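You will see chain A twice below: alongside chain B first, and alongside chain C after that.
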Partner chain A sequence: MSVVTLTINGQLVSARAGDTILTAAREAGIDIPTLCYVDGLSAHGGCRICLVEIAGSPRLQPACFMKVGEGMEVQTDTERLRGYRRTIVELLFAEGNHICSVCVANGACELQDMAITVGMDHDRFDYIHPNRQVDLSHDRFGIDHNRCILCTRCIRACDELEGAHTWDMAGRGSHSKVITDLNEPWGESQTCTSCGKCFMACPTGAIFQKGDTVAETDHPRAKLEFLVNAREKKQWNV
Partner chain B sequence: MELTDLLDIAAKERQARPPHLIRCCTAAGCLSAGSAAVLDRLRGAVHDEGLTERVGVAAVGCMRLCCQGPLVRVDSPVASSGTEGVGMKEELYQRVTPDDAGSIVGGFNGGTVTANKGDLNSAFFQLQSSVILENSGRVEPERIETYIAAEGYQSLHRVLRNFTPAQVVEEITRSGLRGRGGAAYPTGVKWATVAKNPGEKKYVVCNADEGDPGAFMNRSVLESDPHRVLEGMAIAGYAIGANQGYIYVRGEYPLAVQRLHTAIAQAGRLGLLGSHIFSSPFDFRIDLRTGAGAFVCGEETALMASIMGQRGTPTPRPPYPAEHGLWGMPTLLNNVETYANVPTIIRRGADWFASIGTEKNKGTKVFCLTGKVVNTGLVEVPLGTPLRKIVHDIGGGAPDGGTIKAVQTGGPSGGCIPAELFDTPVEYDSLARLGSIMGSGGMIVLDDKNNMVDVARYFMQFCMDESCGKCVPCRAGTVQLHRLLTRILEGRAGAEDVQQLEALCDMVKHTSLCGLGQAAPNPTLSTLRFFRHEYEALLKPGSPAQRMGLPLVAPVSANRPR
Partner chain C sequence: MERLRLATIWLGGCSGCHMSFLDLDEWLIELAQLADIVYSPLIDVKTFPANVDVTLVEGAVANEDHFHFIQVVRANSRVLVGFGDCAVTGNVTAMRNSLGSALPVLQRGYLELADVHKQIPNDTSVVPRLLDRVLPVHQVVPVDFFLPGCPPPAPRIRAVLENIVQGKPPHLEGRDLKFG
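Moving on to the complex of A and B:
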């Protein structure tokens, strides 16, 4: 396997021919932000967060897809790219119903982290407030489409790692929606193995484990009553 | 099938043709105006008047002046001419009703024809060319014999017998033909790339997923002269070394689908498609794939995904289809009109083709003239023809005393060209310099009653509705652009909204995954460029806070109690 050299942000980097710019950059310790990309899954190229500038090319290219080339000069962190990345994140927040304070993933969310990374202090776009559904029909997991950013990680993880291909995409444009089987309730899916790989892959709180949500948080008040009864009424009814 | 057999069929077809011929348009435009009933009555009248020996009735394709349909043309040998069949007199009848049929046929028995006569000497017909549409309105799309009588499939025979594949590519390269789907990539270069890329199998794909609002060039070609496209694809298959072709045609064109089915079956029956074509070692099959209503499937990577049975969404390029296309094999993807040029280029030569048009834009182009113009329909002119000639001379200018303000070219990926720039030659490069594109050939004429912000919003809505949803800038960006344009149009916006509109246009243009998203801001950007005053006339003055009537708040420190 041959090796090529290129520069990323002015730094000379060597990479295996056939590697993507993203792989080469990360191996060299240069971070390119990504959202729909996950190591081990096929590249999707949809979020456009990892777009980079390549000298001599009129188009921006996704680092997760674009292969390295000999002598390539790549810029990953220009002011223009930072501006576009922030706009993308703002568009994502405006497009769904992302209310961090009541989300299971609050504090452990890649969309939230990305907003911090790109310096998004407010959203310049109108919130669309789409009317989206929640599916809680599965025993162990739930999906809240309000928090879905349509990155297709669940689809790819289910197809490529589990081999079940329970998930897929339906609809188009802003009406796109991830579905289980032929748009049936997740709990009725004949193909789902309940492996949880979609949950592991989801960058936001869209796919979550049951029991993790705020609403399901259990405050065992009966225990207090038991203690009070024990002390005051001297009753020890277990 | 040998060449002699082909010539035999042609000769028989010509001999069987009665001296007089009534041609009735049966393309979708005239059919929707009722031409099926007209055709029926014409055939009945010819039979009833006992004229079957002298007068033939042909169900042909588009005769261009769609706004005056149903169209009927009558060819008669000129009586004064000494040699029979040399001089032909052509008569055009327009807006023909079924009741007119009797009078048209009665004319052959000395009766008076009362049907509305059209003017074949008008600028609309006289200023047009005939290369791609040479057979349109002449051959019968559902009878292969008529195409063979018009020298059809002789180009295919010629390349199989007289050309090496490399010579075919060379001929196409020399002709200067550029892709007619909109991107205008040199066809010869594309063919050479696919031919040279290694692959155990290669594919030829015809993009017939024409979806731009106001565009129906490809539909007309497929409905009027489908064999021309099949022949062009077979020649391409020979040139690049492919044995399999696919035509991806949109499901909204049921008549085109049906005629293609018929054409493929007829060509297969005669051995003009299939194994050992013209007793050569060359095999070529064509299958149809019908779209299910997604505009994005006209984008080449999405189209290939759809052919392979996957969800029709684009994938980043490179790799290009020429290298990694259908099932990972080198694939040649061209538009209907590109293939439709090929048989003529082979028959008349690359030099002849290159003599039409301008230095970098060879040949002719079919446009669909629609909107606020007198003559709407199909227009074929050499590339480089000034816009003014197309709109004012051929199109006949604005109807009802209106003033033409602009022409929208290239559909949702194009832009608006203002009337003061109508001397611009219609070429790929000159339109691109004006921030528009020639695209696949839609031309929508706009007059002074059209608000340009409304036009921009219409196309943005189209892009928003047709976005596949894969990439964020196109999926969510077009939604926000549409909201901004709506706010401006409804008089609720200020200068800062136009600034945001421009910034978001720039972002969507440069970050979207495929050409549709990248071009979605074009109608907005081009109207902002040439008709900015129409945007500004709708804006409210002042800052957002002032417009909301909020009171000016004193500095915090002054309000604070001591």
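Moving on to the complex of A and C:
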């Protein structure tokens, strides 16, 4: 396996050829914030939170996709990147109906945490307040589209880990929404195995366990990580 | 040192932020030595005074009274602080915005769920007309500082007020910026 040497924030880092900048950075102890990325699922590159600067290129690149290169000079935490990250989070809050105070995931939400990370004290954009639906037809889980940020984690977890591909994306732009089967009520889905991996993967309170009320949801992400380790590294120990 | 002229107002909110303000407990005694509360739902003053140093605004702009009052408050306040999630984001008060206008809420509350006297209140001399769209305060008048939380915990309020009392700009970071 060939080794590539690059610098991230001025720090010399060695990585395997073919690694992404995100993997190389995290292995070197440099954190790059991410929202749609989940270890063990394919990268999606949709949220753009992990954008980084690469010397010599005017374009910002998503660290979750961009492969390392020999001699690459990467910056992950510049004034420009911090500005874009905050703007992205503000746009996400303005696009949906994210009311932390009445959300099942209050206190355990990656969108809420990301707002803290980027220092968002208010939203400079006008809230759209879209009229979105809640589907409670499933026995164990519900989906509140008001809280969905379209990160596609549920789609990828269902397809890649469970192999069911119950979830998919319908519509375009801000009218996009995640659907079950061919846009049928979740409870009537013939492919859903009720495994709960979409719930484990969801970063917000969009997919929740029935019976959970405000601030009660705690997505069991460790379970997802366990499954990924078991599959990829054959490690079955808890 | 000149005493700080402090005001608090309550627009479209639940008063929870003011309850959290009262949770400052014994620090309120210290605050009382540094500041005069010149206007507040907690004291009996009818009109908003001039030359206020700092005003904490609880609640979103939800009706015509709020809309006019906040302009008076802004014109007479040196520093305006968005106090709590409703003021900062619209929060629960703004959840009705996705219904498109105020009418569906009024119909639900005063017609569909009423047992007797089914009628939407229309005497605006008694009850101000609801705006069709609830707005966070900064979309109506400029806001100088944002103090998020539903409600903001007392230590967070204290952190902001302590800076203001000392003439420093408030600065919140980390979990002190948490909504909800």
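Descriptive notes on the structure:
Heads up, the rule we're going with is that the second predicted complex is superposed on the first by the 213 of 238 C-alpha atoms of A that agree within 3 Å, B and C clash if a C-alpha of one lies under 4 Å from a C-alpha of the other, contacts with A are read in each partner's own complex, and residues count from 1 in each chain.
Convention: a contact is a pair of C-beta atoms (placed from the backbone, for glycine too) under 8 Å apart; a residue touches a chain by one contact, two chains touch by 3 or more.
Everything numeric in this text was worked out from a predicted model, so none of it was measured.
With both structures placed on the common chain, the touch criterion links A:Leu161 to neither chain B nor chain C. In the superposed model, B is the one of chain B and chain C that contacts more residues of chain A. Looking at the shared chain after the overlay, A:Cys195 reaches neither chain B nor chain C.
By the document's definition of touching, of the two partners only chain C reaches A:Gly119; chain B does not. Residue contacts after overlaying the shared chain place A:Cys47 against chain B, while chain C stays out of touching range.
In the superposition on chain A, contact is made by A:Arg132 with chain C only, not with chain B. Once the two complexes are laid over each other on the shared chain, residue contacts for A:Thr87 go to chain B alone; chain C is not touched. Touch criterion met: A:Asn97 reaches chain C, while chain B stays clear of it. By the touch criterion defined above, A:Phe65 lies against chain B but remains apart from chain C after alignment on the C-alpha atoms of chain A. By the document's definition of touching, neither partner reaches A:Ile30: not chain B, not chain C.
Chain A residues in contact with chain B (one complex) as well as with chain C (other complex) are 126. Interface residues of chain B facing chain A in the complex, by the touch rule stated above, are 294, 296, 311, 315-316, 318, 464-473, 475-480, 483, 500, 503-504, 507, 510-513. In the complex of the two chains, the chain A residues touching chain C come out as 93, 97, 99-103, 106-107, 112, 115-116, 119-123, 126-127, 129-132, 146, 215. Residue ranges on chain C touching chain A, taken from their complex, read 82, 85, 88-92, 94-95, 97-100, 133, 136, 138-139, 143, 145-146, 148, 150, 172-175, 177-180.
Here chain A touches chain B in the complex through residues 44-48, 51, 59-62, 65-67, 83-84, 87-88, 91-92, 94-95, 124-126, 128, 149-150, 168-169, 171-176, going by the rule given at the top.
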